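Handing you this structure, nothing more for now.
All chains are identified by letter, namely A, B and C, in their written order; residue positions are counted from 1 within each chain.
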Amino acid sequence: MTLVTARTGDPVVKAHNLVKLYGEHRAVDGIDFDIQPGETFAMLGPNGAGKSSTMKMISTVSPVTSGELRVLGLDPAADGRRIRARLGVVPQEDILDMALTVRENITVYARYFGLSRTEARHRADELLQFVQLADRADDQVRPLSGGMKRRLSIARSMVNNPELILLDEPTTGLDPQARHLLWERLYQLKRQGVTLLLTTHYMDEAEQLADRLVIMDRGRIVTEGTPRSLIETKCSRDVVELRFGEPALGTDDPDDGAARAETAAAHLRLRSERLPDRVLVYADDGDRALAGLAEHDVSAASTLIRRATLEDVFLTLTGRTLVE
Amino acid sequence: MSSSLTASSITAGGLARILEHLYVRTPAKYRSVLVSGVVSPAFFLGLLGLGLGSLVDERQNGATTLGTDGYLEFIGPGLLAISAVLWAFGQSLWPTAGEINWDRTYVLTAATPVSTAEIAVAHVAWIAIRFTAAAVLFTMVLAVAGAVASWWAVFAPLAAGATALVLASIICGFTVRQENEDTFPMLLRLGAIPMFLFSGAFFPLSGVPAAVGWLARVTPGWHGVELCRELAQGSVDSHSFVHVVYFVVVGALGMVYAVTGFQQALSEA
Amino acid sequence: MLPSTASRPATAHTGQTKVPGLFVGMLRVFEHNLISYRRMWLTLASGVFEPLMYLLGMGYGMGSIIGDLSFRGDVVTYAAFIGPGLMASSAMNGTLFDTTYNFFFKLRESRQYDGMLVTPLTIGGLVGGELSWAVARGAIYSAFFVLTLIGLDLAEPLHALSAWPATLLTGWAFGAVGATLTSYARAWTDFDIMELIVQPMFLASTAFFPLTVFPEWAQSIVWATPLFHAVDLTRALALGTAGWSDLVHVAYLVVMGLVFGVLARRRLSRLLLE
């Protein structure tokens, strides 16, 4: 159903051995990827993985330290302005001008892209319609909710009909309802053929929106693929979650239950991962695994069998959780 | 560093480094009141009091327009009162709005057995108390500079503190009634600047149109300047009593204005 | 629902995109400010009164106890003496305030500059546009000041007009310094130090009294400060006593504006494009 390999046509973004250094710190440590026209590409990883630095290099506001980067076929170092003219950028924190109205926030930016005042106004009204803020057009920005501000940021990023929109953690800090509304709008964009690059540390977001993704950790790409293929190849189908109650006072080994579960999993030839509050056991058949664990005298306070997610992929690949 | 520097040499660079160190070492909460209450009026005293003063004294030469021996004695106590005016404006607008709207500490305090009226009075008083402490220092500066002629001057910091208190009560009452901060720059321009210029700190009000003079005489700034000057000169008389009565009456009214404003703001918050 | 153009294929765009140049970029930044301040015109307009009150208060009030003063041999009233001095000081204050507090807010608090730089706008356009806005704002205030000097008969109309460009130069030179300071500032409180330097400079600048009042050693210190040059130049023009030697003042301010302008651009580029 989803395309893993590149579609025809030149990639919108192409990075080869891309490196970004801040002093001694290797924020991006030699990454390779390409983004094809029309696809939604996600970068997934915890804070400090190098996602935002990569985004900044693509939007040409941060110079490349070494390696190769082509955006829309152009070199960011030489053609920054030309690239920016064709990009839309939605920053992580909404940078909106509080002295302006909702509509003016778009028209003022439109002028930076060379639109005439009439074009700018026309375009602003279209975009406000699209992000469902038309009725707030003449309002001040300050009282808008977090979700509305983010939608306004997205509308503003689209003012120049960008060929590529960069979204840096678009739903961080939003409540579930606002997130779903935003996803729906992004999905609309995607259907219209706009290329999207988004960073996120939410697995469900990547699973919902991305055609293809890379998982980043400490400046490197750990793996790449479609959300489904990653779950299938890098993890198991199911995950059994076992939680153990607080150890009784005076017990010799407080982690007795968790330790026994790990040993049992090893006996069953299943991979397990121990977290501070629970033990995860990876299995293609969750029910059978749970039954097997019970035979080995593993008795957890609570158990849960669920489908594996990208979170599990990340944990499997790095041994760490995404949101810490 | 060149070897010619000895233990007793003084260089601009060295002084600047030590001053910067002292500045950085002084906690920010003391810094602002020291700057507003001591350093800044001292700049005025040194540059206008001495610089402009030499011109004024040359021209006045024995005339009685100023009512003091020289310009330094005239402007010195005036600066004490006028810095109270600027301090009261400075603290009662943005910082006061900030404590109510952003920090919301008072919203929390109001939820304890403390009354809103107590919060309002304490807030205004704290502005005046901090200034009074700085005013003690500046009065010493005045004494050292020779701008003080009487022991009555020990009460001058209290007079300056009263100026700050009365003004702060009124402005805080205004601030807590505002929906946003857009009106603040206007108040500075139409309130603080005229009061700074026309309270008689720099020149006697005989030099301005009578209407401006009478308008100035109803402001706390003018009463503060006059009282501070009378105390510094030791020319305490019935006029001084009028200033004290003014401060008591207007201060009480201002406090009521502030208290009702705080009550309104904190019940809505 | 979505504007139809949004589905345009990537390649169709190439070559058609308008990329505004440096000057256009500056204009856009200027326009952005104009729109932002549109609702605050009352605040802006009230800014006119501040220097006026200084002029009336100090000029006539102080004038009543000082009388006349001589400047380069001409005897003038105290109000005529102080008027151009206050005009130069207010030109400095206006742009310095704009390029410090307002710049810092957009640089660090609202981070608006980050948002503006992901458009075709360049750092040069950004700094140039912000600076020219600050200077233009000051120019309007100075223009009112010129009219006041003429209206109160404190200067010959043509002389007063000739002092106007000097205030633009002053505004630009101090604006460049302000922008540079902003690039070094870590927190709001850092600007307190600036105020501690600006205030004595203002009081000593000869805006209020002639240089000859100072003892000799202090005169050379005052001479070294930029505001002295701005005040002396503006006053010489407004009182019609300017000569070739005043080009020293112009040179001082031009060099200051250029050096700090370049420095500000470089510093801000390092901060914003890291």
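Quick notes
Throughout what follows, a residue touches a chain if its C-beta (ideal position, glycine included) is under 8 Å from a C-beta of that chain, and two chains touch if they have at least 3 such contacts.
Every value quoted in this text rests on a predicted model; they were computed, and no experiment measured them.
Chain contact topology: the protein chains form an open path, each linked only to its neighbours in the line. Ranking every chain by how far its Cα centroid lies from the centroid of subunit C, the top place goes to A. With centres taken as mean Cα positions, subunit C sits 28 Å from subunit B. Subunit A and subunit B have CA centres that are 55 Å apart. Between the Cα centres of subunit A and subunit C there is a gap of 45 Å. Across the assembly, subunit C contributes residues 40 that each touch 2 or more other chains.
Listing the residues of subunit A that touch subunit C in their complex gives 9-10, 12, 22, 37, 59, 61-63, 72-73, 80-82, 84-87, 89, 91, 93, 95-100, 104, 108-109, 111-114, 123, 126-127, 129-130, 158, 160-161, 163-164, 188-189, 192-195. Contact residues of subunit C toward subunit A in the complex are 1-3, 5-11, 13-14, 17-20, 24-25, 28, 31-32, 35-37, 39-40, 110-112, 114-122, 272-274.
Interface residues of subunit B, counted against subunit C in their complex, comprise 23, 28, 31-32, 35, 39-40, 43-44, 46-48, 51-52, 54-56, 59-60, 65-66, 71, 182, 185-186, 189-190, 193-194, 197-198, 202-208.
On the subunit C side of its complex with subunit B, the touching residues are 40, 42-43, 46-47, 49-50, 53-54, 57-58, 60-67, 69, 189, 192-193, 195-196, 199-200, 203-204, 208-209, 213-214.
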